[in-house]
C-alpha cells in the first residue's frame, strides 16, 4: 500500500489550505494510506479549537475534523510553533486545572513527529 | 532521481517560479496549481519550454478555470486533483514552490 | 455620522483567490457605509480581481467578487485599474464591473495622490 | 497635537511586527497622540490571550500589553477577522458563561472602528 | 499632494518595489525599511534614481546594518525610527509596500 | 532510533530576518538529532542567511544564525549555496560557516536531486 505524509504550513484563513485538504481527500479516495499530517509554522493555527467561519464560506476546520473523525487521519501540531501563536494544551485556569485551546481532533506533538512521519511514509508532500 | 515540482505562486508576484525553473531537470515534471496557473501566461514559461522542450507540464484544470486562465493547446496538460496524487508517487520527491 | 473630509484609497494588490482581496473589499464597503469618500485602485496582481469569466466557486470559495456590485450602492464610484499591470499580464479590459477606469501609470499615480489615507492589501 | 492611527496586518510570529511596535513607541516618545491601533487580517492574532514566546526571544505580546497599560494606547481587534482565526470573546464554556481568549489589553471592535480611527487621526500608517 | 512610500519587501523576492517605483512621483519620498533595505543593491534602485534624480530616499540605518547591507555614500540617507515618525507627518499620506 | 535510509533536504528560500528561516533551521536540527541524513540548501533570498557581518540583535531578534554552528554537531555537513543567487544579489562568498559549498545552478540542482524528501521554507 502506498503511504503518504503531508506537511501544512498555511493558516486556516488562507485559501491555499483548501487545496491541501482537497489533495489529502483525493489521496484517501485513491486508497493511499495517509500516515499523518504535520502542522508547522502558521499551519498550526488550523488546530485552534475556536475557529468560527461564516456558514456560507468553506469550513476549513470542519474539514480537518472530518479527515480525523471519518477517515482516521492523524493531525499532529508542533507545540513549539503553537505556543508562539497562542495555542496551548496547558493553560492555567481559575480552578488551576490545565486547559487546552487546541482542537480535540489534533494531536499535540513536537518536531520529532515530523521526523517520524518522514521515515514512515513513502512520500512526503508540503502544502 | 526525479522531482515533481509543485508551483503554487504567480511569477508576476513572486520569485519562486524563477527558482523552480533554475532547479528543474528534463526528467522532472512541473505541476501548476493555485496561483501557479498564472505562470502559463508568463514569459518565463516559454523560457522553461525552450530549456527543456520535452519536459512534462501539468496544471490543475479547476484551478486554471477558477482564475479564467486561458491555456493554449499543448502548452500544458490539464489534470484533476486525483492525478496530482498519482504524480506524487511517480516521482522520487516533491518540491512545493510557495 | 463621522465628519471627516479625508479621501480614502484602497489599493488592491493581491490576486483573486487570496483572502486579502476579500478583506480589502470588506474594508472598502465599511468606509462606504460610513459615507467616507472612498476609491478603489487595482494594481499588479490586483487587476485580476476585476476580470470577468472567473469562477472561484469551482475551488470552493464564496464568490466575493459578486459583492463588488454593491460598491455603487455605497457611492464608491471611482474604481481604477492600472493599464500597465493589465498589459504586463496580457489581460484584456474585460471586467465584471462596468465603471472601471483604466489609467496609464502616471494617471493612476496622480489619482492615488489625491487621497489622504491609502491602505494596501 | 499631532495625531496618528496605525493599522497592523502582520501576525505576532512575524518579525515585521517588531518594526511596527518600534515605530509606535517612537511616535509616543515624540509626543504624538496615538489615537489607536487597529488589528486586521492576520494582525488580529496579536490579540491572543495565550501567546507564550521563549524568554530569550522578543516578547511581542508583552510589548502590546505595555503600550496599552503604560501608555494608554487603544488596541482594537476586528472581531470578524478574529473569529475566522480562532479568537472570540463569546466562547461557551461548561458553566455556560461566555469566555474570551482575546487578551484583556485589546478592545473587541468591528471594521467601523477602522473608519473611526481614520477620521480621528491626522495620519494613518499601515504595518 | 505627496506620498511617503514605506518599502518593506525585497525586490529580489517580490514585485512590490516595481509597483512602488511605478507609482512614485518626484515630490514623494521613499523609506526603505525591513527587507526593503536590500533594494539599495537592486538594479531597480538605479532605475528609480534615473527617473527621479532629486527624489528623497531614506533607509532605517539599524535595519540595513542588521542585514549587512552595504550602502554607497549618497545613495540613501540613513535615519533612525524617530525620523520615520517625523516623515509620516511631513507627507500627506503613506503607502506601505509589503 | 528510526530506520530510514531517506535523505532529507531543507531548501532555505527566506531572507535572514524572517521567522520561516528560524523554523527551517529548527526542523533541520531535529532531523539531525534523529540521525537522519540531512542537507541544507540555500537559494534565492535564502543565501543571505549564510552571510557574515549580519547582526540581527540590532533589531531585537535572537541571533538564531549562531545556532547554525550546531549543524556540524548533528553531522549535518552538506551545506550548499546557489552561486547564481549570490551573484544576482552582488554578494561575496563570505560566510559565517566554513563548510559552505557554493555550486552553480546545475550542480546545485543535481545535489538536490539526490534527496527523497525536500522541504522548502
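Chains here go by letter, A, B, C, D, E and F, matching the order in which they are written, and residues are numbered from 1 within each.
Quick note on the criterion: a contact is a pair of C-beta atoms (placed from the backbone, for glycine too) under 8 Å apart; a residue touches a chain by one contact, two chains touch by 3 or more.
Note that the coordinates shown come from a computational prediction; the quantities given were computed from them, not determined experimentally.
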| item | value |
| --- | --- |
| Labels of chains that are neighbours to chain C and to chain E | B, D |
| Same or different contact residues where chain D meets its copy chain A, judged by the half mark | same |
| Between chain F and chain A, distance of the C-alpha-averaged centres to the nearest whole Å | 26 |
| Distance between chain centroids, defined by C-alpha means - chain A, chain C (Å) | 34 |
| Numbers and ranges of chain A residues touching at least 2 other chains | 13, 15, 19, 22, 41, 124, 126 |
| Where chain C touches two or more other chains at once, by residue number | 17-19, 44-45, 59, 61, 117, 120 |
| Contacts with two or more other chains, residues of chain B listed in rising order | 12-13, 15, 34, 63, 93-94, 96, 98 |
| All touching chain pairs, where touch follows the definition stated at the start | A-B, A-C, A-D, A-F, B-C, B-E, B-F, C-D, C-E, D-E, D-F, E-F |
| Of all residues in chain E, those that touch chain C in their complex | 1-3, 15-16, 19, 22-25, 92-98 |
| For the chain A and chain C complex, residues of the former touching the latter | 13-15, 18-19, 22, 56-58 |
| Touch list for chain C against partner chain E, complex | 11, 13, 43-45, 82, 84-85, 105, 108-110, 112-118, 120 |
| Residues of chain B that touch chain E when the two form their complex | 12-15 |
| Chain C partner contacts - residues on chain B that touch it in the complex | 10, 12-13, 34-35, 38, 41, 62-63, 65-68 |
